[in-house]
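In what follows, chain A forms one complex with chain B and a second complex with chain C.
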Partner chain A sequence: MSARPPGPIRWIRERLNIDPLIEFASHKQVPEWRGSFWYYFGGVSLFLFIVQVASGILLLMYYQPGEKTAYESVRFIVVKVKFGWLVRSIHSWAANLFILSVFIHMFSVYFTKAFRRPRELTWYSGFLLLALAFGFGFSGYLLPWNTLAYFATKVGTTIVAVLPVVGGPIMELLRAGKDVTTATLTRFYGLHVAILPAAFTLILGLHMMLIQTQGMHEPDTWPEGKRRYMPFFPNFILRDLLLWLIVLNILAILAVWFPWELGSKADPFGAAPQGIKPEWYFLFMYQGLKYFPAKLAGVDGEIVGIVLFGLAGLLWFLVPVWDARTPRGARNRFVNYVGVTVVLFIIVMTTLGLR
Partner chain B sequence: MNKLLGLATFAWLGSVVYPVLEYLKTPPQSEADVTSVVAAKIQNVKPNSGLVFRFGREPAILVSGPDGKLRAFSATCTHLQCTVQYRTDLQRIYCACHNGMYDLNGRNIAGPPPRPLTEFQVTVKGDDVVVSRA
Partner chain C sequence: MRRATFAALALGATLAWTCGAAAADPAPGGALAESTGTRAAAAAPGQSAVDQCLACHREQDSPEALAYANDIHAARGVSCADCHGGDSRSDDQDIAMSRARGYIGVPTKEQIPRVCGRCHGPGHDAFKTRFKLDDVLTAYGGSTHAHALESNSKGPQCVSCHGVHSIARVADARSPVHPSHVIDTCAKCHSDAAYMRDFDPALPVDQRDKYRTSIHGKRHAAGDLKVATCVSCHSNHRVLQVKDPRSPVYPTHVPETCAHCHADARTMAGYGIPTTQYAEFRESVHGKALLKRSDLNAPACNSCHGNHGAAPPGASSVIAVCGQCHQSNEELYDQSVHRGVFASKKLPGCVVCHSNHAVAPATDKLVSFDAPSPCARCHRNDGTDRTAPEIVRMRGLLDSLTVGQASALAALSHAENLGMDVTDARYSLKDVNQSVVQSRVAIHSFRVARLEEAARPGITIVAQARRAGEEAVHEYKFRREGLAVSTLIVTFLAVLLWLKIREIERRQKRENS
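Coming up: the complex of A and B.
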C-alpha cells in the first residue's frame, strides 16, 4: 500500500497537475565524473543573483537617486540605518562574487565543451546573461554618486562613443545627454532596478528551462562501463544547498570584515583623482586598451582596441559555430588553446591593472 | 495578403518602437552658452599652481606657470573625458585616469591623449581673472 502524500502536497495536487513535475524530478540524474564539481557554479551564480535581488530590494527602501540625495541616502543607509552597512556591503560583495562565479561557470562550460550541440542555445543565453551582469555592475557602480563612480562612468561611456557612427548616439542614450549628470544617474537607476532585472529574469528562465529539458552535459569521451549518475533530487540538490550555505558564509565574512567603502561625493567640476580604475571585471579590457598607441595606422588606437575587443567577444559568443568538430563531438585542442590564452590574458591584464 | 500582414506588423512595431526611442533622447537643455567667466581673484593665484573651475556646463583649468604666466584650457581630457589637474611637481597638466600629460600650452606630450586641450583666453580685469572662449 503506498503512503498517502502529506496534506499540503495533497492539497496542491487536487488543484494543480504537479505529477509530471514530481515524476520529472524523481528521474532527473546528474552525471558523476571528475568534472562534476563545475556543475555547481551555475547554482552558485543563481544563488548570488537571488542575494542581489533581496539585498537590492532592501536598499531600495532608502535609496533616492538625485544630485543632492543619491550619495546622502547611501551614507544614511551606511551610517544611520540599523544593519544598513551590512546590507550595502552584502549587495556589493555579492555582485563581485556573482561575476566571479559566472566567469568560473562560463569557463568550465567552455573547457568541458558543454556548449556543443544540442546546447548552443544554453551557451548563447548564458553569454547574454554575462553581458547583462556587466550591465548590472556598470549601472550599479554609479548609483552611490561618488567620485570614483562618476569618473569611471565618464570613461566607460566615452569608450562607447569612440565606435564609428553608432557610438555617439549610444553614449547620449546612456548618459541621457552629452555629459554625465544626474540625468545619467536617473537613467542608470531605471536600468539597474527595472530594465536589467526584467531582461535578466526572462533570459535566466530560458537558460534554466534549457538546462532542465536537455539535462546536464556529459563528457564527450565517457566509456559506457564507467558511467555513473547521481539522483538530482535529493542528492544533487542537497549538495547544491550545502555549497550555497558555504558561499553565504564567505559572503558574510567578506561583508563584515571588509565593508564596502563609500568614498567622497562626486564633484563634476573637480579633477579626477589618482588611481581611477573600473571594477576588477572590466580591468582586463581597461588595461589592455592602455597598450594601444594613440594612433595606429592613422586611426585612434582606442578605436582599434575597442573594435578588437568587440570582435573577440563576438567570436567567444559564437564558439559553437567555429568549433568545427562540434557536430562530431570530437576532441578539439584548438578550442582549449584559445580558452587558455583568454584565461591567461584576463589574469595577466587584471593583475597588471590592479598594481 | 501575407505580405500586407507582414508590412502591417512592421508598421505597427515601428509605431511602438519609434516613440519609445524618441522619448529616450533627452531634449537639449535651454542653458545659455557661457562665453566668459571670472575664474579667480588674481591675489589668490600663485605661480606654479592650477585651479579647476566651472565654465558653463564643463570644467576648465586655470594654470599659472612657474613664471606666473596665466593660461586657461578646457579641463576635459581629450582621451576619455576625465577632468585634468595641474601637477606642481611636474609643472605639467596631468590626467590621473590614464596618465595623460600636457605641457603648459595644453599640447598633449605623453600618454594616450590624442589631441591638445582647447585653449581659452585669459585677461585680468582689476582683481578678476576673466577666462573667455577664444
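Coming up: the complex of A and C.
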C-alpha cells in the first residue's frame, strides 16, 4: 500500500496532472562521486537569482530612475523604508555571490567536461547566462547614481570606444548618447529590470529544461562497478535546500555586518575619485588590459587586448567544438591546462587589481 | 598777470636750486638736462663767480630773489640756474637766459618733481652725500599725489607743500611742513571742496575740523608738537589712498600705525595712558580677525576711536560705538535693566563685560558666578540676590544649546561609527548654530523669556538629533539581534533538514538492503 501524499500535493493533483512530473522526479538519479559537490552550485546560483528577483522587485517599489531622483530614492530606501537597508544590502551582496556562484558552476562544468556531447547546448546557454549576469552587474551598478558607480560606468563604457569603427557606436548605444547622463541611467534601468530579466528567464528555462531532460553529467571515466546514484527527489532536492539555507545565513550575515555602502551622489562635473575600478568580476579584464604595451605591431595595445579578450571569450564559449576528444568522451589534458591557466589568470589579475 | 608770471619765474628759480645734480645725474627732460649753475660747474676763467641771476633780480627788488636769501637752498650754494637752467655766471641776460645754456624759465608743475628730484631723487653725488639728501622723488612718484598730478596739472607737487624761494628745513618753524603748520598745509587742499572735487569728489573735506576736535588736535593746538599730525599716519612723500593695501592707514595697518606712538613708552611718557593697547588688541577677537585673517569687516583702532577726530569713547558712548557693528546687541542692551544701572554708575556699557582692547571671544562662561565672569562682580548666588536664579536659568539655556549640541553630535558619531546613516539629523544640527548666535545676542536683553524665545528652536533640534542618534544605535542593536534570531532559526531549520535527509537516506539504505 503506497503512502498517501500530503495535503497540498493531493490538492494540486486533483486539479492539475502533475503525476508525470512527480514520476519524472522520483525516477531521476543524480550520480554520486567525488565531484558531486559541484552539482550544487547550479542550484545555489538559481537560489541567488531568485533572491535577486525578489529583492529587486521590493526595491523597484521605491526606486526612481533619474539624475535627481535615483540617488535620493536609494537613500530613502536605505534610511527611511522599514528594512529597506536590509533589502538593498541583500540585493547587492546576492548579486556578487550570484556571479561568484556562476563562476564556480561554470568552472566545475568545464573541468568535469560536462559540456561534452550531448550537453553542448547546456554549456552554450550557461555561457549566455553568465554574459547576462555580467550585464545585470554592469547595469545595476549605475542605478544608485553614486560617484563610484558613475565614474566606473564612464571608464567601463570608454574601454569599448577604443575599438575601431564599431567602438564609438557601441559606446553611444550603451550610454544613450556621447556621455554618461540621465539617459544612460534610464537605459540601464530598462535593461536591468526588463530586458535582461526577460532574456535571462528564457535562457534559464532552456538551461534547466536541458539539465532535467539530459540528466546530470556522469564522469567520463567511471568504473562500472563503482557507480552510485542518489534519487533527485527527495535526496538531491533536500540537500540543495540545505545548502540554500546555509547560503541564506551567509547572505544575512554579510548584509547585516557589512551593509552595502551608498557613497556620495555622483557629480558629473566633479573630479573622478582616485583609483577608480570596475566591480571585482570585471577586474581581471581591466587589469589585464593594463599590461598590454601602448603599441603592438603598430596597433593600439588596448585594441589588441580587447580583441584578444573577445577571442578568448569566444574560444571559451566554443570549447565543445575545439575539444577534439569531445565525441569520444576521452581524457583531454589540454582542456585542463587551458582551464587552469584561465583560473590562475583570473585569480592573479583580480588580486593585482584589488591591491 | 605780470605778477603771476614773475612769481612763476621765481618759483622756477627756487626749484632750480635743486637741479645741481644735472651734470652727474641727467634729468629725464631735455631742457632740464642742461644747466650751468654753480652746483653744476665751477666758474671758468674770465667768468664771474657771483650768481648774476640773483644779483640782477635783487637789484630789481624781486620778492622771490629777496626771499631766496632765507632759503635753505641758498645757504647750501644752490644757484638760480640750478633749477631754472641758463648761465648764472654771465651778466649778459641773453647768455644767462639762453635756451642754448639750458634755460627753461619757470618749470611747469609737471616738471617740478623732476627738477627737485635732481637732488632729492635717486642716485648719488658729492652734493647729496654732503647734505645727506634722501630719495624722496621715488617715494613721491608712487604716491596718490603724483598720480593726481599725472592726471591733472593742478595736482600737488613739491612746492605745494614746501613753498618756493623761502624753503626751510622741516624742523624750521617757518616751514609749512613743520609740525606746527603741517595740518594747515594739508588742509589748504584737503579742506577745499572745490579743489578736491577735481580729484576725489567723495573724499571728505572736514579732516582738519575733525582733527581739531580730537585729542591729538587739542594738544596740538595747545602747542604739543609730539602729537600725531597728518604725516604721522599718512606719511609725507609717499601718501597713498586709504584703500591701497600698502598704505599705513589701510585697515590692517592702522593698529601698527597707531602703535608706532601708542605702544612706545618713551613717546607716551607724560600722557598718563597705557601703552599695552596694541598688544592687547592683537590677541583680541577683533585683532585676530583683522590682523591674522585679514577680515576687513573687523574693527581697527579708528573704528572705535575715529580717525581724524580720534578720541577715546566716553562711558556713555561706548554702546553706540560697539553698536556700529553689534546693532542687535545694542538694541537689546538699550532696553535692558543694565542700561540704566550702568549709566548711573558711569560704567562703560559693553566694556564692563567684554573689555575694550582685549575683547575675548564671547563664550557662555561669561554668564556665570565664577570668576572672572562679569556677572559675579555685582551679583551673588547666595540666596540674597533675587536675579541669581535668572542668571542660572539663562546659563542653563545656553548650555542646553552648546552642550546639548555636543552631546547630540556624540550620539550621531556613535551611530555613524556603527555604520548607521544619520546624515539628515547631522544636517539639521547646522540650524542650531543659528540659534546659538541668536541666543548669544538675546542674552544682551538680560531677560530669560527673550533668551528662551531665541534658544527654543535650537534646543528642539538638538533634542531631535540626539534622539535620532539614539534611535539609530537602537536600530543597530535591533539589526544585530534580529540577525542572531534569524540565523538561529535558519540554522535550526538546516539542522532539521539535515536530520531529515539522514533519516531518509538511512531508510532508503535499509529498504535497498
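The rule is simple: the second predicted complex is superposed on the first by the 340 of 355 C-alpha atoms of A that agree within 3 Å, B and C clash if a C-alpha of one lies under 4 Å from a C-alpha of the other, contacts with A are read in each partner's own complex, and residues count from 1 in each chain.
As a convention for this text, a contact is a pair of C-beta atoms (placed from the backbone, for glycine too) under 8 Å apart; a residue touches a chain by one contact, two chains touch by 3 or more.
Note that this is a predicted model, so its numbers are computed, not measured.
Judged by the touch definition given at the top, the superposed model places A:272 against chain B, while chain C stays out of reach. Once chain A of one complex is fitted onto chain A of the other, the partner contacts of A:53 are absent, as it touches neither chain B nor chain C. Applying the stated contact rule after C-alpha superposition, one finds that A:206 touches neither chain B nor chain C. Touch criterion met: A:239 reaches chain C, while chain B stays clear of it. Residue contacts after overlaying the shared chain place A:104 against neither chain B nor chain C.
Touch criterion met: A:249 reaches chain C, while chain B stays clear of it. Chain B meets chain A in the complex at residues 24-26, 29, 52-54, 57-59, 75, 77, 79-85, 95-98, 108, 112-114. Here chain A touches chain B in the complex through residues 151, 154-155, 158-159, 172-173, 176-177, 179, 183, 268-276, 290, 294-295, 300-302, going by the rule given at the top. Note for the complex: chain C touches chain A at residues 419, 421, 423-424, 479-480, 482-483, 486-487, 490-491, 493-494, 497-498, 500-501, 504-505, 508.
By the touch criterion stated above, chain A contacts chain C in their complex at residues 75, 78-79, 85-86, 231, 234-235, 238-239, 241-242, 245-246, 248-249, 252-253, 256-257, 259, 262.
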